[in-house]
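The same subunit A turns up in both complexes below, where it pairs with subunit B and then with subunit C.
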Partner chain A sequence: MPTINEQLTEEIRVQARKLLADKTVAAVIGYTAGSLPMTVKPAVIRAADDCGRLVWNSFCVLNLANYLPEVLKSVEPPRGPRDPKPTGPLPKVAVMATGCWSRNIVVQIQEHQVERERVVVMAIGSRGMVSRRKVEAHFSGREILAVTELDHELVVKGADFTETVNRWSMVRDNCQTCTHPDPVLVDVRIGAPAADRKNPNPFKQVEMIEARSTDERWAWFSAEFSSCIRCYACRNACPLCYCPTCFVDDARPQWVGKSLDATDTGLFHVLRAYHCAGRCTDCGACESVCPMGINMRMLTKKLNKDVLNLYGIEAGMQPDTPLPLTTYKPDDPQQFIVNEPGSAKEGA
Partner chain B sequence: MQVFKLSQAELDSMIRHFGSLGMVYTPAAGKQPSARTDCAPGWQPADGAPLALATGPSATSVKTFFFPQPETMQTFSVKNNYPDRGLLREPETLTEKQIVVGLRPCDARSVLLNNLPYREDPYYQANMARTVLVGFTCDAMCSTCFCDRMGGSPMATEGLDIAVSRLDHGFAAEILTARGEELLAGLKLTPAGISELDELAGRRQAAPQADAAGLDALKERDLNRLYEAPLWQQLGESCINCGACTFVCPTCYCFDVQDEVVRGTGRRIRYWDSCMFPLYSLHTSGHNPRGQKMQRTRNRFMHKLKYFPDRFGPFSCVGCGRCVKDCPVNIDIREVMGDLLTVE
Partner chain C sequence: MTNQTSETSKTSQTNWEPKIIAFLCNWCSYAGADLAGVSRFQYPPNIRIVRVPCSGRVSANILLSALKSGADGVLVSGCHPGDCHYISGNYFARRRFALLNNLLDFVGIEPGRVHFSWVSASEGEQFAEVVKKVTDKVKTLGPATRLVKSIDTVQAA
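Our next item is the complex of A and B:
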């Protein structure tokens, strides 16, 4: 009996092959096998014969929407920077998408980075991706040489041990608190749809930090980000970060100091998070790729909570509603305005 | 060269003794307390607790002590009433000894490799002069380690001042330089006996040795001929162009220079840069010779495996495997080297 992931892998290969063979799409963005346990390699497949390389498992932690704008561009006929856009339909690109990734594609469409009609979403209901870091921490001090995934267990092998751990216990925090595991865009359905999950409080981790005193929160923030090496893996793994020149890279003017000063590093993380406000789907790619294991997701999660409470919006869930922070409404919440003592209180 | 034998307790008290000679750093376990301001992520000031090293290299490399983030190159003032307004001044050369304990042979070798392009660099040389390296050889390799394929060995001592090796009972400390000897001055240590020396030699012989044939095969390949090979396109397409590989790499040493001015007082600093970043190669004219992701990905491997060895001899990689472990998209330099050897 093949596992769920083996079935999904087979379905992905069949569908991708079909899409490329009948020239519906010019490229498929998916995952191929990695060289280490618990890793996969994102890949752009352009030939039907290469579709056998595609895989699907619980370690697909990078958000494939990240590649979409660039791959779409790469399949367009070559043209100079000043040449007009060719008329007529441009080639399409297929991309695997889980709930959060599909919501990021919605945001990309809303922000005019991606055209809906050029994307074929291969929709996969997510069962939650496993955190490599959690598994490594569980086997702390023992090197993991192979991990075999069953439907509900991970069989972890080292040089002198084989142990089985529950899969869900190793699933990333963002996936464990996710309430929309099924894609909101579906062009080709892979596997069975995933039902929405009931989560009485998806913001529990955020609230634990919010409940602390100012000093304790500052201590948490300083400690959490003190090991940042400013490699920008979090930024580059994020499908929301597509500015040609990031504010941290800009040298004229220089917005942020570039070396490892705690103030500069903190500023980078706070500003990065704010740039994601109302757009972040909590896909967890930033946290998954950090070589230093920083939980920068707590900042974006806090903003997701605020945007939900203030505007009633979860990014990517309402394709026809404009993004909350790109629009102005007279009745927008304004509690952030600090009132002078004695002046009339602003209603929320 | 002297070799001493140490018990765990003697080893710990030796490290505590270093604290009286300068700042002592060891690989950090877990997250750092917020008060830390020395800007060496992945390392912590030694706290006197027994040193427990994980198998394989530390999370971040030893380069942070040789290329501090940032390095102040000059200081200046832009205050109007200041007589030396705008004049660049040499900063005070830092001379405080820093003793790095717990680095692995791969990192020790990286210090020597980086010294090739930086042999005339006053800042690097000043940091070399003030840094003493007390390394621990590896009795086991990680699955991501490949120092033996890059010309090193898990039991190598090259680049270290003191090399500590695990024995069946306790440790052996090899004193390799005069600076290593200075660290131990005044300590009463037991010289290793014949049996310890034999055991050390036996372990060294049994450890994987540098694979000369494999190195030669890659050196003899005409990599320029593979400049347009399709493998670069595939690598470039999956690369997200972050700087994780270059920042965890002990032999990536590129920097950028910037002036920082706060309230009229300025400093010219250099800080880590990465060839993965588009701004790295951006010209003043606006032209970027490596404007595409693929070109930047290719450059990193070509630099390590072709340009650096062409100029200096050895490959600019020590096989620590950090980039393999930390790459968000699993770009594995071992696979790249394999492809470069086989692709026609």
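Our next item is the complex of A and C:
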């Protein structure tokens, strides 16, 4: 009896082969096996014969939407920077997408980075991705040589041990609090659709920080981000960060210094998160790729919470409504305005 | 070097006065500030005004740059909602400021460092009121230390 992931892998290969063979798409963005335990490699498959390399498992933590704009450009016929856009339909690209990734594709469409008609979404209901860091912490001090996945357990093998751990206990925090595991865009359905999960409070971790005093929050922020080495992996893994020149790379004006100074690092993380306001789908790629294990997702999650509470919008859920920061309502909340009647700061 | 000397004088002197950067929109709040001056309303001399075309021009980058460069407080002021010279600039700004305000609070920036207000061109007296309120608040908080890049911390790093 093949496991759920083996079935999904097989289905992905069949569908990808079909899409490439009948020339519906020019490329498929998916995952191939990684060289280390609990890793997979994102890959762009361009030939039907290569589809056998595609895999699907619980370690697909990177967000494939991140590669979509670039791959779409790469399949267009070559042209100079001033040449007009070719008329007629351009080649399409297929991409695997779980709930959060598909929402990122929606945001990319809303922001005109991706054309809907050029994308074939291979929709996979997510069962939650496993955090490599959690597994490694569970087996701290022991080297993990191989991990095999069953439906609900992970079998972890080392040089002198074989242990079975519950899969869900190792699933990433953002996946555990996820309420929309099923893609919002579906062109090719892989496996069974995942039902929306009931989560009484997806923002529990954020509220635990909010409950602290200002000084305690500053202490948390300073400590959490003190280990940052400014490698920008979080930025590079993010499907929202497609600016040709990022604000951290600007030299005139230099918004943020390039040093490891605590202020520069803090400003980088505050602004990076802020630029994702109303666009972040909490896919957790930033946190998963951080070599230092920083929980920078707390900042974007806080923004997601405010956007939902203040403006009632969840990024990528409504393809037809504009992004929260590109629109407004005349009666948006404004208690924070210092001279408004009933403002929070009034008389403070 | 000048930054360092002002840093030491900031903490050593008991009669410390805050430096507050005020981003005022050209069409309403800047004119409101002008009216306050012409009408000779008294307000604390702690603000340094930066004139911007619209409150919608003030991005998080700009605002945090002011804090980074050592401002003890920041005030952003624009036209009242509905009165924007560019029709809707302040509406967009309001959404961005609401989120930024909450995020700064979340990471532990003291509430009261960063202020937002609406002041029209005819509200000279109200402008003086806002500046008084903001200056008082920043004075009680004392010199800014969070997200401030001082030469001391750079040398130590």
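Note that in this section the second predicted complex is superposed on the first by the 339 of 348 C-alpha atoms of A that agree within 3 Å, B and C clash if a C-alpha of one lies under 4 Å from a C-alpha of the other, contacts with A are read in each partner's own complex, and residues count from 1 in each chain.
FYI, a residue touches a chain if its C-beta (ideal position, glycine included) is under 8 Å from a C-beta of that chain, and two chains touch if they have at least 3 such contacts.
Bear in mind the structure is a predicted one, so any value in this text is a computation, not a measurement.
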Partner chain(s) touched by A:Trp168 [first = subunit B, second = subunit C, both, neither]: neither
Which of subunit B and subunit C A:Ala262 touches, first, second, both or neither: both
Touched partner set for A:Pro42, first subunit B, second subunit C, both or neither: first
First, second, both or neither for A:Tyr311, with subunit B first and subunit C second: second
First (subunit B), second (subunit C), both or neither touched by A:Glu210: second
Contacts of A:Ala219 with subunit B and subunit C, given as first, second, both or neither: both
Residues on subunit A lying within both footprints (that of subunit B and that of subunit C): 218-219, 222, 257, 259-262
Residue ranges of subunit A touching subunit C (in the complex, touch as defined): 206, 209-210, 214-222, 247, 253, 255-257, 259-264, 266-267, 270-271, 273-274, 277-278, 299, 302-303, 306-307, 310-311, 324-326, 328-330, 332-334, 336-340, 345, 348
Of all residues in subunit B, those that touch subunit A in their complex: 28, 31-34, 36-37, 39, 41-42, 54-56, 59-60, 69-70, 142-144, 234, 237-238, 240-244, 246-248, 256, 258, 260, 269, 271-272, 274, 277-279, 293, 322, 324-326, 328-332, 334-335
Subunit C - residues contacting subunit A, complex: 60-61, 64-65, 68, 75, 81-82, 88, 91-92, 94-112, 115-119, 126, 129-130, 133-134, 137, 146-149, 153-154, 157
Subunit A residues within the subunit B interface of the complex: 34-36, 39-44, 62, 66-67, 70-71, 74, 141, 143, 145, 218-219, 222-224, 226-233, 235-237, 245, 249, 251, 254, 257-262, 288-289, 291-293
